[in-house]
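For reference, the structure is listed below as structure tokens.
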Amino acid sequence: MPLSYVLVLAALLFSIGVYGVLARQHAVLVLLSIELMLNAVNINLIAFSAWLQDTGVPGQVFALFIIAVAAAEVGVGLALVILIYRNRRNVDVEGLSLMKW
Amino acid sequence: MEAAWQEGLFFVFATVITVSAIGVVTARNVIHAALFLVATLIGAACIYILMFAEFVAWAQVLVYVGAIVVLMLFGLMLTRAPIGKYGEYDNDQKGLAAIVAAAVFGVTAWVLIDSFEGVELPTDRVAATTSKDVGEAIFSSYVLPFELVSVLLLAALVGAVVIARRDERVTSRTIDAARREKAREEDV
Amino acid sequence: MPEGYFGQYFTIAIFIVAGVVLVLGTFALAKLLSPFQPHTEKLTTYESGIDPIGTGWSQANVRYYIFALLFVIFDVEAIFLFPWAVVFERLGTQAFVEMVIFIGILTLALLYAIKKKVLEWL
Amino acid sequence: MTQIRTPEDVAREVAEGGLATQQMILNVGPQHPATHGVFRLLATIDGEILAEAEPVIGYMHRGYEKLVEARDYRQITNLVSRMDWLSGFNNELPLAMALETLMEIEVPPRAQWLRVVMLEMNRILNHLMFFASFGAELGAITPTFYAFREREDIQLAMESATGGRMHFGFMRPGGLKEDVPRGFIAQALKSVRQVIARLDQYEDLLVGNEIFKQRTVDVGVLSREQVMSYGVSGPIARGSGVSDDVRKDEPYLVYDRFDFNVPIGHSGDCFDRFWVLVHEVVESARIVEQAIEGLPAGPVLGKVPRVIQAPEGEVYVRAENPLGELGYYLASDGDRRPYRLKIRTPSFNNVSVLPEVLRGTFVADMIAILGSFFFVLGDIDR
Amino acid sequence: MPEFIQNFELTAWWILAIKLIVVLTVVPVGALAGGYALHKVMAHLQHRLGPMYAGGFHGWAQTLADGIKFVLKEDIIPEKADKPVFKYAPAIIFIPILLLYLVIPVDRRLIVQDLDVGLFYLLAVSSIPAIGILMAGWSSANKYALIGALRSAAQLIAYELPIVLSAATVAMLAGTLSVVGIVEAQDWPFLFWPPGIGLIAFIIFFAGSVAEMNLPPFDMPVAESEIITGAFTEYSGMRFIFGYFFAETAHMIAFSGLAVTFFLGGYRPIVPWEPLTVIPGIVWFMLKLFVMVFLYLWVRPTFPRLREDQLQKFAWKGLIPGSLGLILVAGAWILYAPEWLWH
């Protein structure tokens, strides 16, 4: 199976994530789209790891680290969203112009 | 024979991933979007298994599906999901966003296809990467990032606790904000 | 039928499909056998026999979020714990100390949460 | 006292944004497993915590006080028996006593002693029922079956004498309907002794259980002042350390001849209320034992005119029902029917204090508190 | 003997088919039998007889009759519910539980599929039902269901961790994640060696699994006296069965199997004496399984339930720090305990 198939899939997933980040208003949905992008990265890493199997498994290890980073990102991100929701009763990223307020 | 199997399955999973990822970014209901994300994540886990990374695949299921999505669902139930079943969550730059996304996809896909033309993934491996391989790699070569992960998680927890902790001042301010908002709506 | 590594997952995939068929098949069977007489009263939301006030999609408690976050953090720990569990005996003291530090830092997180009383309810 | 809001009021408040902190209105009841019938709590909850709870009653209102005005006294005896369906005999007693006072009927000693036997057995029945339901509400299912095992024996004894299992209709102004049958004495004695003997099991199963203590100690504390100001009575009042028992304070029948204690709690939490309840079972069993041992011979019905017709006058009679103080205020204009019968039921007053106790507790504690506020719906709504 | 039996060859496909048939029979039948055992054990612990009529002998067909009744029940989906999510939430709860059965070795060779990461697979799969429960509770648009789902999910995740961490202890002692490898690595006396570690891990695992299955004293997600049936308040018919009853009993049997595999030596004889080793491993496994199932059933009618905050406190301040400490103790033991203590 050609490596480029997997890479194109990852690219597709990544751009869907990009679309989500740009087109969504709800902050949690933006976070979900970021997860899509992180997963695209993971797919890439795993694919390269499978390709370069003779050099050990750094790709997979990095994927694990990315999962950990995603966990931290979601944790803090959602906490921010909750705080914003508490103060403003909505979570539209469009309305987030606290500095101008 | 093996290669054909692998390729066919790859296309099945790729379709699942793509369709559900599109579901994530277009769903009209936030919970549905999160559930589409579950499908995407499980599809990605299947791809990992196809790429001989079974440990990462199950780690993905354990952490992403079992924990991060649950956290997301809790987060959603803490915010907008309860109030309306369906809502308009897209902003008015949908068209622009689609163009940007398509451009990103076009450029990266072209670059990737161009640079990795003719590279074939191995399909004849007898065994996958074992948990032993992963463990040895982490605990001999990647010790520092591993320890940093714990610091990162600690920082994330501290940050989240500071931000999301129940605080009386916040609550009363919330009420004020709600009143202000209501007044603003009435003005309009 | 594939063998070796793919064979293992082929079996599991078959069982997933079989499970789906089992559940959905039973649903279909139930649909065939059971009566279907919808009625407005029957389809209302149950709330102790009273018409619900407000919607059922109400806001959750923020404490649940902290619990879920703690869980995520320790779950991430678990994915590093298992590779460690199978190799630390061979790698010896060095790997053991690494894990002691790792668990120590995460225990700090738990202690912080306990100290900030986010695990308390009232 | 907080004003009771109707659902419409609350709905309006929600619509107006008065509850902007996202509190949720939850109806607990009228059709809910924990409310023993059609009792409704209008709970405002924030996550798992109750901001406020309003009891809404009246779903079972049958208009007893009006019904009795159209019935003669014999019919009324059977009617009030159904008011608090767990302690029928106890409901019948004060009415008979009121009539006896007005009509100046002498009750023969055997009837008095037998009444005590029946009353206390009925009290055991009632208390065991709440023992069972409290356990069930806290998720322990086994106590239910233990309690019903004991209830069955006592009920068999009472059935052999009265023919009824819940609504006995055995009381008559002036005494009892008839003498107890042969074998009743032995059976009653055996069943109450069994209860005493098995009390250790209950102590082990619930009272001594660590989880049970965690769920009940310091939960739903009812202060002495609240007891006083809301007119709470019965085991609930005694759980808060208020020594209030009509049997001791104002002995009626022959209660002054028996040696029994009134168990008193001190902290007024769910655990103390439950502890009082369990220990009252023993005390009641001891009274039954003593009453049977000292049972005099003789008739069981005094000289009663053919037609029961209370002379003009009024009387207030109170007695210690299993759930608290039951009072009948009987005003007669000399007819065969009461002119007015005002019923003061224990559960009504006891439940009125609930909003005070429930404020700021957990949803789970709400269930423990409801379980420890021993009430019967029929008794509240009459 | 008919010709087709003589010519029958046990190819890989046939083995797979047999495995499929066995598992798909064992799981529902086991769930029914577990339900019957639940009725009977509980009844006898409470001075009752339990079911006595259905089917004749001691009411053996009671749960079967219940099952048939539920198939015939009308499937009511509330008007306000989110229909697709509501409909398929029970499947998301039940199918992962079915998948747990795949890696439990009933005998040395009798296992559906041994995986190199078997233990990890188990934990990953058993973390999925939390999503199903949240789906069920949220889609019902019912307040009780939502409270129940939140409680349930919070409880599942809080008690998932003790299970994961005690399983990590097991993996450390065995030095492998393969389930068969774990059974093989255990030495007599399974639970009690190394001293304390195995037993404490077992207790933590047991407490965690009782909570995962929503058995008392951890049954507040479905506390009928508080929130009716929690997330399943609006469910009826077959969906209720798969989401709740089947899931509960199938979960119980699966976790009993896991406890046997991780701690009680799986299919190996309880004492390594010569005459006992003749008895096939499947018999030993089943015996130990029955003991475990009975333990779970015994817990059920014994305790009142805890409160939500007490439950979380028990997990986060008791079990989780305890199991983290246990991991370090086990690691120190494995690395530094003198060799002669080991064998």
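Order of writing sets the chain letters: A, B, C, D and E. Residues in each chain are counted from 1.
One rule holds in what follows: contacts are C-beta pairs under 8 Å (C-beta built on N, C-alpha and C of every residue); 3 or more make two chains touch, one makes a residue touch a chain.
Bear in mind the structure is a predicted one, so any value in this text is a computation, not a measurement.
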* Structure fact -> Note: chains that touch chain A and chain C both are B
* Asked: Where are there more C-beta contacts: C-E or A-B?
  -> A-B
* Asked: From the centre of chain D, which chain's CA centre is farthest?
  -> A
* Rounded Å distance between chain A and chain B, as computed from the means of their C-alpha atoms -> 5
* Structure fact -> For the pair chain B and chain E, the C-alpha centroid-to-centroid distance in angstrom is 29
* **Separation of chain D from chain E, taking each centre as the mean of its C-alpha atoms, in whole Å** => 44
* Find the geometric centre of each of chain B and chain D from their Cα atoms only, then give the gap between the two centres in Å, rounded to an integer. => 59
* Using the touch rule from the top of the page, what residues of chain A touch 2 or more other chains? -> 64, 67-68, 71, 74-75, 78-79, 82
* To do: Would you mind listing the residues of chain E that make contact with two or more other chains?
  => 115, 117, 120, 123, 127, 138, 141, 143-144, 146, 150, 153, 157, 160, 177, 228, 308-309
* Asked: Of all the residues in chain C, which ones touch at least 2 other chains?
  -> 47, 52, 55, 57-65, 68-73, 75-76, 78-80, 82, 85-86, 88, 106, 113, 121-122
* Asked: What residues of chain B sit close enough to touch chain E in their complex?
  -> 29, 31-32, 35, 38, 54-55, 58-59, 61-62, 65-67, 69-70, 73-74, 77, 81, 85, 127-128, 130-131
* Asked: Which part of chain B faces chain A closely enough to touch in the complex?
  -> 3, 6-7, 10, 14, 17-18, 21-22, 24-25, 30, 33-34, 37, 40-41, 44, 47-48, 51-53, 55-56, 59-60, 63-64, 67-68, 71-72, 75-76, 78-80, 88-91, 93-94, 96-98, 100-102, 104-105, 108-109, 112-113, 116-123, 125, 129, 133-134, 137-138, 141-142, 145, 149, 152-153, 155-157, 159-161, 163-164, 170-171, 173-174, 177-178, 181
* Asked: Touching chain C in the complex: which residues of chain A?
  -> 64, 67-68, 71, 74-75, 78-79, 82
* Please give the residue numbers of chain E that touch chain B in the complex, ascending. => 82, 85, 115-117, 120-121, 123-125, 127-128, 130-131, 134-135, 138-139, 141, 146, 150, 153, 157, 160, 177
* Can you check the complex and tell me which residues of chain A touch chain B? => 1-9, 11-20, 22-29, 31-33, 35-36, 39, 42-43, 46-47, 49-51, 53, 56-61, 63-65, 67-76, 78-83, 85-91, 94
